[in-house]
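One chain, chain A, links the two complexes that follow: it is found with chain B in the first and with chain C in the second.
Presenting the complex of A and B:
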């Protein structure tokens, strides 16, 4: 992650990973292949995510939908109110399209279905970042 | 798009050509008018000039005539008058000519100079007004003034003879130049008119060309329109454009008519298109999605991946008053304009047949899968356990049949019925699942779903149970298949046994394993029953090892039935037990021992016991006894009613009366071995069955 500091012209993109599964969090953290992407935090639920977002000011958030305490939909709503310019990539196993549409309506910018390949993840991130 | 561009160009060209030609025509006409005016003026001047040419010689002749008359002393008055009017005429015409522009200046100058010299000479002649003759009686002669007059006339005549020709010449030059100018103007006019005619011709040609071109363009446009219409009428997908108000545009493909059962779509909103055909939540999601398509976040791929209308279930009128379910696939493509999204192109396909096909395939796969699972499950499971399950399942189904036949009218009666059914089914499912017979467990699960749906209803009639009966028949057939397969499997290991495969006759005897397997089957059954019915009890088995193999099969059937009864009806729920000051867990004891006369089996549970009065009431209700007969029965005889054929398996299911379900079957089995069965009970304390079996002769030992 430290390599992200010494990239040249392009600004470092700060990434916040939100998922209640540690395995998925690690997976996202390790699978992304961008030099200028810096993971600034990982959260296991919506409340943690909002708190971390307040402190770390991320540019990009990967967001699970089904989480304890505060789910992804609610978290997206509050996150967008707090930081309107943040880009949100929903990563969810929910096959229910209505939820995906709901997430997009609340302000998500992208959607990735679990399970995903490394390539799909990187493409989805690239589409939102650049 | 291309067509309309060419069309616009052609229109511009037509307009430009029209304007240019109109301007040319205007110029030609104005110039022609001016030339014609000029020519007319020139012609008038030319006439003046040619008239003027005649004056010098006329004046000269008049002067000569005047002089001759003076010579011959004739009257001069009228000649003098003619001369005067000639000079006046010349003066008038000449000054008019002088006012004209563009005449030959040298000739005009010379003519003016000559006339200026001429004028005083003539003025002296014209100013004479006296009598030129003095008359006597014999002759006449010139008077004094006549002689002066004569001299003036003579001088003027000489001047005229010297200069008239020159004046005439100069005037001829002037009129010649005037003539040349007029001819030039006329020729200019001719050229101009030729140019005008040419311009008109060109205009006509251009108009004709443009008309032809426009005709060609219009035909092309009409052809293109025809082709578009043909495409839209023929294509099997539904196509239409949505505008920013989510309204359908004027152009849409004919396939939509069949898909949505309406004939016009133009101006319809997307919401109106789907309303009444999909559930409100689906419509809500669909509208949210459509709105997102207009937003900047909507990448085509992203929107494709979250498209909630990829397989939309719609309910359509089938034209015969009923409803029909169809599956439609909506694809959305954004049409970009200079200011963002201009339209959204919707492509709709009817994928009903492929969805149904996929579903059938899936079901067939599941089926094959579950059959394979079942085979594997059967191969892996203990044949004894399998047999035990099948026995208990058929007993359960008989029970279910009995429950279904129980008449019911009130809601309470129906509820009771449903409760009994679900208990049986739940047990069966648990047992099947424990043996990994998933195909059976799934079928039972489906039945449970149907029951749950019935339970949720407020009003019930007997007809509501019909679908259940159909499903039960299916389950019965399936169980029969499993039993047959079990027999085939077992025949691979042991000698074949006869099987007639129907459930109404006694079940084909399955190969029986030893007493150890029987014990484990009973224990696992007890465990499952305890779990399924929320009971807490222990099963203690003693002396089963002493059971001769010839009795083992019957013994197993009997024990399973009695164990089921004890678990379901005998042992009370925990709360009831605690209220009755009983120890926490229930006890079911089975003792098998050798006795002098043969063998004795005791089956005892410390449950609720049997109520002779309830049994009697049940027997009366089932018309097995009259009220009088019932009243005469003592407790012993009343208890024995549970062994009476038809008491339990026919209609006896109601849970309050309900002990001893299937005990007639047990009794029949015992009797068939030459044994006896008895029951004793203490309500609230225990129920105890005793079965006595005769000793086996040497020959009877298998």
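Presenting the complex of A and C:
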């Protein structure tokens, strides 16, 4: 039996998008340019994200930080406990180094500041996909 | 108290937002000190600031400007909810970017959004408020920064 690895084919990467702005969620979904990336869900806060992650088992999550109900830092912490192999790209307006360091220490794998261009988004996603 | 040189952080953040998100630079007018209550446009996104500094940062813009901004962002939803979403996101982005200079203790809230109703702006003792005029295409908006 051939596996994706044997044939060199790439398996589909499941993406969960987390941001309290509908506009940003749609922007990420629209701007990503990967044929092997499938958006499996979008969430407006950390609580919704955890619930969706349980149901959809994402490989990659884009994570806002400043959100109501449960912020991104707490969500990253719980998400990594639930699913240690998940890759997390923080996409946040918070531009200080301490925030980026804290997110990485909690388990994030990449950090992209808002506002971002399509190219910056795709480069950041590619770094975590391959 | 907010110093005039600190305003550069917010001017730069506003410039960056329009350059990157709208792919068309805005012209930023000379900031001036706010006296009395500012005229609000149709939609206002407000961020409360706490921690090392206290006060508010808010972005207020007319519906016509937000509609064009959404179009430039390839959006097709021009509903009331999208307008509210956008002013909140602009205020959040510019305020969050300010942490590059103000640091981690510049704590920002999630946005409160006002449309139609007049927002209650509470100015903490010792705060100074400045208006940063924003001109983009044929539209005008304001960023108001009121901080201790």
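Quick note on the criterion: the second predicted complex is superposed on the first by the 122 of 130 C-alpha atoms of A that agree within 3 Å, B and C clash if a C-alpha of one lies under 4 Å from a C-alpha of the other, contacts with A are read in each partner's own complex, and residues count from 1 in each chain.
The working rule: contacts are C-beta pairs under 8 Å (C-beta built on N, C-alpha and C of every residue); 3 or more make two chains touch, one makes a residue touch a chain.
Fair warning: this is a prediction, and the values are worked out from it, not measured in the lab.
Chemist: Looking at chain A, which partner touches more of its residues: chain C or chain B?
Modeler: C
Chemist: Between chain B (first) and chain C (second), which, if any, makes contact with A:117: first, second, both or neither?
Modeler: So A:117 only meets chain C here.
Chemist: Output check: A:92 vs chain B and chain C. Expected answer is one of first, second, both, neither. What do you get?
Modeler: second
Chemist: Considering only the touch criterion stated at the top, classify A:26 as touching first (chain B), second (chain C), both, or neither.
Modeler: second
Chemist: Give one of first, second, both or neither to describe whether A:62 is in contact with chain B, with chain C, with both, or with none.
Modeler: neither
Chemist: Output check: A:38 vs chain B and chain C. Expected answer is one of first, second, both, neither. What do you get?
Modeler: After superposing on A, A:38 lies clear of both chain B and chain C.
Chemist: Across the two complexes, what residues of chain A are contacted by chain B and by chain C?
Modeler: Touching chain B in the first complex and chain C in the second, residues 98, 113 of chain A appear in both lists.
Chemist: Along chain B, where are the residues that touch chain A in the complex?
Modeler: 281-282, 285, 288-289, 291-292, 297, 299, 301-302, 305-308, 310
Chemist: In the complex, go through chain C and note every residue touching chain A.
Modeler: Those in contact with chain A are residues 16-17, 20-21, 70, 73-75, 77, 81-82, 85-86, 88-89, 92-100, 102-104, 106, 108-110.
Chemist: In their shared complex, at which residues does chain A touch chain C?
Modeler: Chain A reaches chain C through residues 20-24, 26-27, 30, 66-68, 92-96, 98-99, 113-117.
Chemist: Can you list the residues on chain A that touch chain B in the complex?
Modeler: 97-98, 100-102, 104-105, 109-111, 113, 127
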